[in-house]
Structures are given as C-alpha cells and as structure tokens.
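Letters A, B, C, D and E mark the chains in the order given here, with residues in each chain numbered from 1 onward.
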C-alpha cells in the first residue's frame, strides 16, 4: 500500500531512510557531546501541517496521523533502520506455508488502561481493518476467516493468495493493535477521538484544530520515553510553522517549506534535518486519452521537459533529488542505469513528427491549485511551447480535483507517491497495473500487458533478491512506456530547535520520540 | 420692480449657456485637488494598462530561471519573481486584469445592489421584505462558498470570477441604497417631481440616485481593493485567473511563499493594489464632493 | 420591546431556512464528491459506493434536503463526514474561538477607529486628520496575510514578546486581533469621522456650548452618542464578517476557528459541516444584527419608541 | 355645469399608523370658483397639506370625490392622471426641500416639460424655460445656479416657475411664504396676485398665517384636526369670526403695531392627537366655552348667513 | 435711554467670516446698548447679522471662519472679548444664556430633557448634589408649564412648543442676567407662538431678566420689546424705544418693513415690498448699504456711509436724509 498525495504544496513529512549518518540522511541532527548538560525540560512541541480526522488506525491514512498513532499504538512487526520488518509486539514470527503466517506475541504488554494485550485483540484489530469502509485496504489480501488465536499469545493469519508483502503490511500502522474491550465499549468514532493503545505514549487530549497531546507511558514494555509530554501542534500555514520554530514556540517542525531550509540551517537557534524519503513527484500523462495513446508523444514531451530546472525551482536544489526512476533510490530494487530522457528539443520534435503531431496540439494540464504547482505548470508551459505544444493550465480546487482525476477526465496532471510499505512492487502495482486503472494512485492509467505480467509476478515472489530483480525489470518496462515525466524525489525536511537532541529521522514516518531530549 | 431688474440683467447675460449637470459635476471635480491627484494616479494606471506593451521592458511571461528572485536592480526595477520574470512588467500588464476585475466586479455589484435596494426601498411592503431577507441570506453565506459554487456552475474565467465577486458583495450596496431611499422618498422634491407627472423610474434615476450616491461611492471605492484581493484568493484555490497571466492579487499570493527571502515579490504588487485603492478613494471622495453642489472647493 | 425582539427572532426562521436552502443547493450543484476526499487513493469503487450509501449521498436533491430539514427540526445538524463527530460538537470546538477573536478584534477596531475618527472629525482638514485617514485607507487595503506575517515576524521573532501562533490564552489573541482589527478599524474610523462631522454641526452642540460646557465633555456626552448609530451598524457588519470570514488570519495564526473549519469543509465537500457552520454563522449574524438594533434603541430614544 | 373649477366632497384621508388610524382629513367639503383664491388656514398638523396633496393625488384619498371641472379625478387611471397633472399643479411649503439640491435651477424648471414631453425641440424647450423664469421674475443668469445658492424668495420663485411650466388652471399653494422673510414674502405674494390676474389662475392657498391669507384670499376655510370648522368670505371671517378656534387663531397673530391691543386668547395645550379622535367637537378640549354637549355631539357645518359656515353648537352664543 | 445702568454695551463690533469665497462682512461697527431689566428687539432680514451679533456676545462663533476684528462687548462693566475660555465658560449659561433659533434641533435628541437642564445647573454650581439639581430641573419645567414628571422624557416625545419651553427652562435655570432669544418662535405655530410669548412675558416680569429678542416679525417686537434695533446688512440702521420706532419709523428700510407686512387689523391695500434682495454679504454696496434698494437714494448715498444720528432722545438713525 502506498500513499499518494496529489497536492505538491510542500512535501509532507514522509518516510525517511535509515538512521542518522546512514545513507539516506543527508543532514543529520546535532549529536550529543559530553560537554552538554541535559535540560530538565520535558515537553516536546512538534508542529505539523494538517489535522488528522481521527486517530483510529482504521481511518484514512494521512502521514501525520500515522506518526501520532505510531507513538500511541504498536504493531506486530516494525521496520528497522534498514527497512526490514523486525519484531515488535510479535517476539518472533514464521511463515508456515505459502498462505499462513504465525506470530508469537510478547507476554508483557499492557494497554494504557492496564489490560494485557492478547491475541484476541490482535484478531479484533485485523478484522476491524478488513471490515472497514474508510478506504483502508491494509487487510484486503488477508482472509478474514483465516485469523486464528490458538492461545492468548499466538496469532495466525492467512492470505487469500500467496503475497510477497505480508510482513511489510503487518508493519503498517493501519494494523496497529487496539484493545478489543475498549473499542467495543467506546464505539469506533469515540475511540478515534480518544484512542487507547499499548504504545510508548498515552493519549491525553485533543483540542480540535490546535493540538493533540500525549504523555509518556511509564508502563511501556521497552525503553521508555525520556520526555514526559509531547504536544503535536497543528499549524497549517508553512510560514507560521517556521516562524514558530524560530521563535521557540515549537521544538520540531515537520514539513518545512523548502524556501526556509537555508534560514533554519543558518540560524544558530535551529537545526536542519534533511533525509531522503520514499516520495516521488512526477507529471503523469493520462495514457487513455487520445493525445497520449502514442508512446512516442509521451516520450517526445519527456524530452521537451527540462526536468532538472523544474526540480530546482519547485522543490529546491538541496531539498530534493533528481528522479531517475519511478522507484525511489532508497528502496530495494531501484536501478539507476535507465537511459534518461534528457532535455533535448530536437529529439522531441523528431519524435512528434514521427507520431504525426509535428504541427503542435493543445493539452490540458489539471493540477491542484497552489503556488508550487503553479510554478511547475508555468515552467512546463514555457518549455513545451518550444515544441509547439500549447499547455492549457487548469488549476483546480481540491474538492473537485480528486473527483475529476478519479474519473480520468484529465489529460495531464501532476502528482506524488509515497511508498509506504517500502516495497517497490506494492507501489508499482497500484500505480501501473491495469487492475488499478482509474484508482487514486494510477494517474497515468497505463495499461500494458508486459508490465502487468511482471507486477503480478513480484506480488507472489517471496524471495527479496528475486523481487528486487523483477522490480528492476518493471522499472525498465515502465520507463520505456514513459507514462510519467520524472520531476524529483523529495526529501524530508525537518527543522528542530538547537537544543533538541536524540531525534532519529526514522524511515517509517512513525518518528520515535522516545530518545529525544533537550540540552541546556 | 425686482422683476424688471432681473430681466434687464438677463438680457446682458443672455449669452449664458445652460450647462449640463455632467459638465457641472466635472467642473467641480476638476477643482478638487485631492480628486485630481487621485485621477492622475488612476490615469497613470490606465495608461500603464493600455500601453503595457510599449512601456514594459520585458515580456511579462518570459521566464529566466537563472535570474529568479533577484532583488530590484537597474535591469529589473522591481526585481524578478520566482520564475525570473520582470515584476515591473508583470505589474504593468497585471493592471489590465486587476483594474478590470476591481472596476467591473464593483460596478456590477453596485448596479445590481442599487437596483435591488431601490426597488426594496421605493416600493416597500412585501417586495421590500423579500429582497431584504434575500440579502440577509446572501450576507450570511461565506463568500468563498458562494464564489466556489458560482465559478463551479459557470466555469472558470475572468468574466465568471467577476460575476462571482460581484454577487457576493451585492447585499452591502442593496442595504445602503435602501437606507438612503427610505429617507429620500419622503422628501418634498420627490413629490414635486411626481406632481409634474414623472414616473417612478424617472424619479429614481433623476432624483433619488444622485442624492444617494455619496455613501455608495465611498463604499464602492473602498471595495475595489477588496475585489482585487478576493480575485487573488480565488486564483489561489484554482478558481480565478489562470497563470501565467499576470494579475496583482495572484502575484501577491504567490509571493507569500517568498515573503521573507524575497519581500519584493509581495511588496510591489501590494503597493500597486494600495496605489489603486488610494487613487480610487481620493477620486471617490472628490466625486462625492463634486456631486454635491453645496460643497464649494 | 420584548415583543419586538420576539418578532425579530421569528423573522430569523425564514432567513435561516433560506440560508439552508441556498447552501444546500450550492453544495449540491458544486462539482466534487466528498467520498473521493474521504477515501484513500486506493479505495475500490465498491467501497466508494458503500460509503456513499452510508452517508446518504445517493438520494435525490429533494430527498436529501428533506432529510436534512427533518433532522434539523430535531436539532440534529448531522455527523461530520471526516471526523465522524456530530457537527454540533465541531462547531462547539471552533465557534467560541472565532467568537473570542472576533470580539477582541472588534473591540480593538472600535478603540482605534473611534479615537481616530473622533479626533479627525474634531480637527477636520488638519495634518492629523489627513494622516489618520491615509492610514485608515492603507489599513483597509493591506492584505491580512501580509500584515499578519509581518506582525508575527516583528513581535514573535524579532522582539520575542508575543507567541507566534496557536490559541492558548489571551496573549495568543493579540496578534490576530491586531491583524483583523486594524483593517476593520479603517472602516470604523471613516464612518465615525463622517458621522461626527455631521453631528458637530448640529444646533444642540451649540446649545451645549452656550451652557458653558467644556469641549471634551461636549464631544463625549453630546456628540458621540448621536454619532454612534452608523458606527454601530458598521461594527455589527464587521463582527458578522469576522466570525466566519477571518479564514486567512485564522490559518496564519493557527487559530482553530469556524472560518477555517468551514473552508476546509468546503474544500473536502464535507456537506454537513458546511451547512452547520454556515447556519451557525448566519444565526449569529442575525443575532448580532438584532443586538445592533437593540443597541440603537439604547443609544437613541427615538428609535426606542419605535420598537413596539 | 357650474363655475366651480374644483369641488371636493366628503374628502377623507386616514393614515394607518402603529397606534391606530390617523384621521388627517376627515370629511372635508368645499368648492373653488374659477379665478378665485381659497385660503385654507389652521394649525400645524391639522391636515392642510394633506388636503392639497389629496387634490393632486400625490396621496391617495381614503374616500370622497375630487371634482375637477365636474369630473372625478380619483377615477382616472395613471396615464390620464399624468395628463391631468398639467392642469393641476402645486407649489410646496418649503422651497428648499421641494427642489432637488443637485439639480440646477434650469433643470428643475425644465423637468415638468421633459416628463410631459411637451417639446420635441430642445431649443424651444430652453426658450420656454427662460420665459418661465422671466415670468416668475428670475434672471436668466441664475439658470445654472443651484438652490442653495439662492435666497428663499428666489427659491420660491423657482417653485412657482416650475408649477407654471405646464400652464395649469389650478394651483395649490402650500404655505408658499411661510419660510420667507417678511420683505420677500411681500414680493412673492404680489407675484402671485399678479399671475392670477394675468393668467386667470385659481388658487388653493394654504397657510397658518392669517394675515397672509387675509391678504390674498377671496374665501377662507379654517381647519382644525382634519375638519373644516369655519368657512366664509374673507371679509366676513375677519369681521365676525364665529368659531372659538378661529377667534383664538386670529388673536394669536402678533400685530405689528403698538396702537392696537388685542385681548389674546391663549389656547392651552397642544393640538390633540388626530389618531382615533373621540366623537364630539374636536376642539372641545381646548375650547373656553366647551359645554357638555360638545363632548358628545359632532357639530355640523351650518350656514349662519351669507355663505358663512360654522361648525359649532353654540355659534353666536358668546 | 441712559436713565438705567446699561447691562450690556457693544461698541464698534466687527465680525467677518473669512471663507474661500470671500470675506463675509457679517457685522460691521455695530453699537448697541441694553439697559438692565429691559428687552431689546433685534429686527432685520435673514442674513442681516443678528445671530452673528449675539453669538459674538456669547463668544460661540465658529472659528474659523468667524473673526472678531474690532470692538468691545461690555457686560456688567467687563469686556467679554478679553476674557479667556475658562472664565467665558463660567459666564455662559450662568450670566448670559441663549435660546436658539430652532427648538426642534437645539435639544440633544438622545438625552432626557431633565438631564439637559440638570447639566447647566450642575455646570455652574459644582456643589449641588445630583438629586438637588434634578429637583431644580423639575421646578424649572413646572415653571414653564410642563409637568415635572416628564423630566425623564426625551425631546422627541415633546411637541415643538413644549420643546421651546424646555429650552427656555434650560436658559433660565441659572437665573441669568441676560437672556438672548434668537427667533424663539419662528419655527412655531401661531397659537403655540402665542403661548410661548405669553410665558416669556410672565417670566420677564417675575425675574427681571434683561433680554435680547431676535426676530424679523415686527408683531412680536410690538408685543414684548422695550427697545428696538433694526439691522440691515451688518449694521444697526435704526435704534430707539418702542414708541419711537413704531410711531416714527425714520430709516427708509424700517419704513419699508412696515409697509410690506400684511396687517390683520387694517383694511387691506396692496403690499409694498422692499425692492431687491439682501445684498451679497461678500460684496456689499459702497456708501449706505441700503441705497440700491432705497426709494429715496441719491447720488450721495452711494458714496458716503452715513453716520448714526440721534434724531430725538435715544432714537438713532443711520441715514443721510434725515
């Protein structure tokens, strides 16, 4: 499962890879030195850009929500720093057969209300996700009748078909374990406003539109948080978030606007933390529209686009990275050997001529109206005008945009995708498999039997190496089809106060604040 | 006799030509210093709008990524924007749309509002009640919702944006007009006109409107800046002017992201809007005074 | 007077019905489907259909409107599509904030506007008058977000005397209130000035002077009260607009207000919240108007005697 | 066929107000002969202006007939009324209020000509306007002036010129001089008389100043609270004022001479409210001679000889 | 006229209004005396400068545009024009009070009449308690024939005549030595006017207040004034006691005034209006200001502005041909 955002205003705080100083992190947080004295301050204020609708793991997945949930709930497995599934609530697990997985739960875990966490709760949590209507497809591959609880601390699940991403899926926060008793008593909706989990933090309060506050769980089954309280503040306006960070009202700001990165870095009161995420930004041709049916037209326009300029202008030189494939460089299977459609007007014209479109044509570009997208659109418009293509801009209000895109009404749009399962195959399937045409992730509506074939195969290949290889194949095929114009891999830009220590930009966006503390 | 005296003086002054009301107002307007300053400012803007092609040193949509976000310099008087376009040129071209939006949207709403207000005030009774309750309803609905729906129903485009902005500010004019009508229609000169056989429409146009223009003008000139800004906020959510067409409000909103690094992106369009508003206000006040023959300059 | 208030309250019913009808219709004709925003990108069409059914979006216009009205008659504003809270709860969470903010801003704009207006009127055509009126014009034309961010940079970042954003206590209210207040102060100032100018030319001001009253007291006791009516009208309108219309300021200062809630809901096509919010704002607007009218009666006995 | 240019029969106007029906004009009857002047006097608020407005149908009457050349104009439709307006004109009480402050003198005088579309030719119309100005004694150079630039006398002349524009037969003069200074008042009164002579106009002259009315009228009607209480030839009325109210009114006028001494009858209290007046003589509350009967029975207008009509139960008894 | 001590003496008063359109010579070299306890009628056409004169006494002229150029206003032996603002405030309302032209607009519509009367009482008697002031206000109302229980009412609840009576009550509240009444009855009906005049006459007799009564109605003058001053274009053209003026009007303007009033008592002839209009105050005629309208004007009148002559004891006329 992956998260796609069609808005490109500011890259939402997303998944980051590995820990400090490791590959993905370009600008790590300041490290602790011996001379510094630990401060007694024990409240951390974290600012983020939008308010989740609910804190129920079941709800629609928004990055911020997952992050807060991550601190309240635990999952059976979790990604470690190398983005491999590793034990969490499940001490150990094994695949019994092609379809069956067995998880052995820890016995020392208690929910915040004091009740022990048992396999019943796990089954309940998984069933809930399967029954949900709120767009959560985390459990669609699992057999709802196949969950078993042989004893209180053993949980068995079956997939409907052989599926390579089962472990990754179990790591996903949608499959957080919730207390059956509490949920049944409170009802789903109320639970979403005042959740009870087993995580490192207990839910304290939620002031609508303003903040969500959690508190250290002193009974936590592993290392407890250093700080007592975390206050997640909702500040929608990017500029205000930055100013609040600079003025000290906020300790950590997620989703820093790219324009503010330098300022935060230079300011002695703040530090900049940049890490590569798993997010693409691209322009998608609607392959089902007549103009773009011909692969050559798509390739031609790819040549006609100065992608690097767009990236630098719209996403920042240092806050994004050149995109060279649909799969982010941080994911296994990414290949960097693809022959890029380098900016070349002549080649573009040639290809257009071949396709019989040398006399130019008009294309409508539909995108969410915001300033970043406007810049992108204007740049594109100017570039394409050189090959005789008239780009008609259609900035669209958010409410109407998704509906239009879901109907495939657009000819061209821009979008972004986050690979939240950290499995390229899963993401590619949603974006490019014919099955998924006209769904929220498949903005190019590509339908190619060859691609489908490889993607299907990835799905059932449990060997990671093999899978990576197939992913490479898929990338090549897709690249050749040219459904996208690659713009950028965006990075996660986080601002923090200069006194903040111990923050680890984890790959999962479920930032773990347990290790965070302040120095004087 | 007095009469004969007046008559004799009339023969020598027989050549005195009857001056039309418009000319008269114009004459008084010209004598008002502030109004003239305002008008010069506005003429400057109109001049800029008409001759933007000639004056503008650059193509307003020509991008120059290398030189983006450059502060004001001799090459670019107002600096360059986020895509390296010359802000001065964009402001010149932008005056076309911004002035049109400001003037037409305000004009539209004031005309519709006045007409409704006049009907409500003049005829009173049920009609009055219906119209005023409708404006109450209209006033209570957030203008962004109205704008989204109107544009969604009519489609995007400058024309519809102006209609949308216009409609959402109709109630204010309607109220003002009605209020002044209520007191005006009781005035004796209205009866005098009726006694001469004038129709209701004649009375409203020739007597009531000129006498109730002052507050309307103040309101309208104050609203012009507002109209430009609401056009911008509509563009901001994708309902207004489509980029890259230069438009002050949209420039202002885009500049918002660069407010701290490149303040000139917001400062200049902002000043342009204020300049226009200021000009309109000066002119509006001058016009109000000119319309009132009692006020001598 | 009570009878008058009663009648006015009754008159609000058709207005509210009109508001509902128009908002409902507007939302109905506006393209966009709440389900698309609610569901994740990977939802299947079946899920969408099921959700649509669940939310009652499949009925005809009349059915849906009828159902809404029936629920409304029972005091039920519906359930927010996204948070699943009753719309009433969402309004209760946001509305007081907007009310506080609007109240503060209005107080501020009255304080500034009245003072400027009065002094300007008393010293008509003086340097002060010209400067004050120019400032008023600029305050009116200056975009709120611009002013808000500048204030934030100055007070929160540069001088560090006020918090930048949030809504945690009265200190948080100062900057947004100034931002909004100054722009409406402009309107109040202009209005005060012109109505004061009218009043100070009246005979009863000369009468007071002839009694030997001091200038200051004449202005405060005799002139101001008479000049207040149009000023109160302006303030009432401003207050109404601020309640639901301070969206930009609310989002810049991260104030969880009803304006922002409605705009977000409009964007997400969260119908019940939009309808509930608009209804609430309209209701308050009407109440404010009523309050303004009652205030008229307090200020002016001639009006008082009309309220029978 | 009578020689009456205008006859008013049982004219009534009740204004609905919040507190009840306001009997502004209550059963008023009179007729005016061609070429004469009828004076209508009475206190402020007694309904004089309303009578004038009713006659021109500026206010619609509640009941009654208004016969203009023996034809009830109340039955006319809009268009016919518009045409009739040419012959029935009014000069308003306040010359300032009755002129649109934003229109020049020329425009104000030209308006009736324009709305009645009398002249197709602009030039001709201009000539007519100048001619009217001359008739009313206004210099040509004033054409471009505005009302506020003129003094009251000239403003009133504008009002008169305006009313004469359509060559009316009948003019309602609603307190045309009450806002004027004495010396100008004399000028305007003289002008009126002069015009009447020249054009054979008929006037209904409304005023509360008896000395003025006396000067110009042939016949005088005294109104009190919507009703006519006394009506007589001018001379008769001043010689033998018969209604107690007329007597009080007469005595209230200050005499600009120190040789006469009038025993002033000071009326106590103000004009009573015309809303839902109680039966009986309306003047009863302020009348010095009020008797029991007056409080219950409404007195009829009786002829006490020579066409002198009085509405009082005890006429001649005091 | 000198048998009484003079309460008020105006010497050579000149007031101009300086406006953009020119300077209005509203009052020019005006001399006037008012003996203690007497009533002076100030008569003249609109714009003659009557209100300006009395406003100059009260020093409530709007400045700008009004400018007092020369003159003295001696009240009880002191020149009011030399007084500062503060001491002038003490005199206003207390020593001299004024009734304005229009009763309808002279009362503040939003304050109860009781309070408005109280205001002046408390202003000039700082020690009086609120309650006592209120009682006094009520007494004043009773005095002018309005029931005390109406003190809590607002001006709009009174009729025109009653409003004028309230204003009189207000003016008399501090027992002023001089009461200035600026056309107190022009806005009123004849019958109400009669009531008000009756009241003023009674009060005058009771309190011995001196009074300046401005009017252009000679009828009113005949009724209550002891002395009369006729003003024309900013100047006093004739001054004398009542008998002198009514029996032997000497200035052509005064004569003209008498001729153009329709008289209720006399058999009617045609009215003889004074020709022409009040002169343009910004551009006054040279010489005698009345000469363009004067039937007896000679060449000389247009050149010399005549000085005031005393033609009999206390009867002053400003005309060359007397």
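Operating definition for what follows: a contact is a pair of C-beta atoms (placed from the backbone, for glycine too) under 8 Å apart; a residue touches a chain by one contact, two chains touch by 3 or more.
Quick caveat: nothing in here was measured; it's all calculated off a predicted structure.
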| item | value |
| --- | --- |
| Neighbouring chains shared between subunit C and subunit D, ordered by label | B, E |
| Partner chains shared by subunit B and subunit E (touch criterion as defined above) | C, D |
| Closest chain to global C-alpha mean, per-chain Cα centroids | C |
| Reference subunit E; chain at largest CA-centroid distance | A |
| Chain pair, A-C or C-E, that carries the greater number of C-beta contacts | A-C |
| Centroid spacing, where centroids are CA-atom means, of subunit A and subunit B in whole angstrom | 48 |
| Whole-Å separation of chain centres (CA-atom averages), subunit D against subunit E | 32 |
| Whole-Å separation of chain centres (CA-atom averages), subunit B against subunit C | 24 |
| Mean-CA-position distance for subunit E and subunit A (Å) | 90 |
| Multi-partner residues of subunit D (each touching 2 or more other chains) | 187 |
| Set of subunit A residues in contact with two or more other chains | 239, 397-401 |
| Set of subunit B residues in contact with two or more other chains | 1-2, 148, 152, 237, 256, 259-260 |
| Interfacial residue positions of subunit B with respect to subunit D in the complex | 1-3, 6-7, 9-11, 13-14, 16, 18-19, 21, 24, 187-189, 191-199, 202, 206-207, 210-211, 291-294 |
| Subunit B residues touching subunit A - in the complex, by the definition given at the top | 61, 63, 65, 68, 82-83, 148, 152, 156, 235-239, 242-244, 253-254, 256-261 |
| Footprint of subunit B on subunit A - complex, ascending | 238-239, 257, 259-260, 263, 309, 312-313, 368-372, 374-375, 377-379, 381-382, 393-401 |
| Residue ranges of subunit E in contact with subunit D within the complex | 45-47, 159-162, 189-195, 197-198, 216-223, 242-243, 246-247, 256-258, 260-265, 268, 270-274, 277-278 |
| Touch list for subunit C against partner subunit A, complex | 30-33, 36-44, 47, 50-51, 54, 82-85, 90, 93-94, 97, 149, 152-153, 156-157, 160, 163-168, 251-257, 260-261, 266-269 |
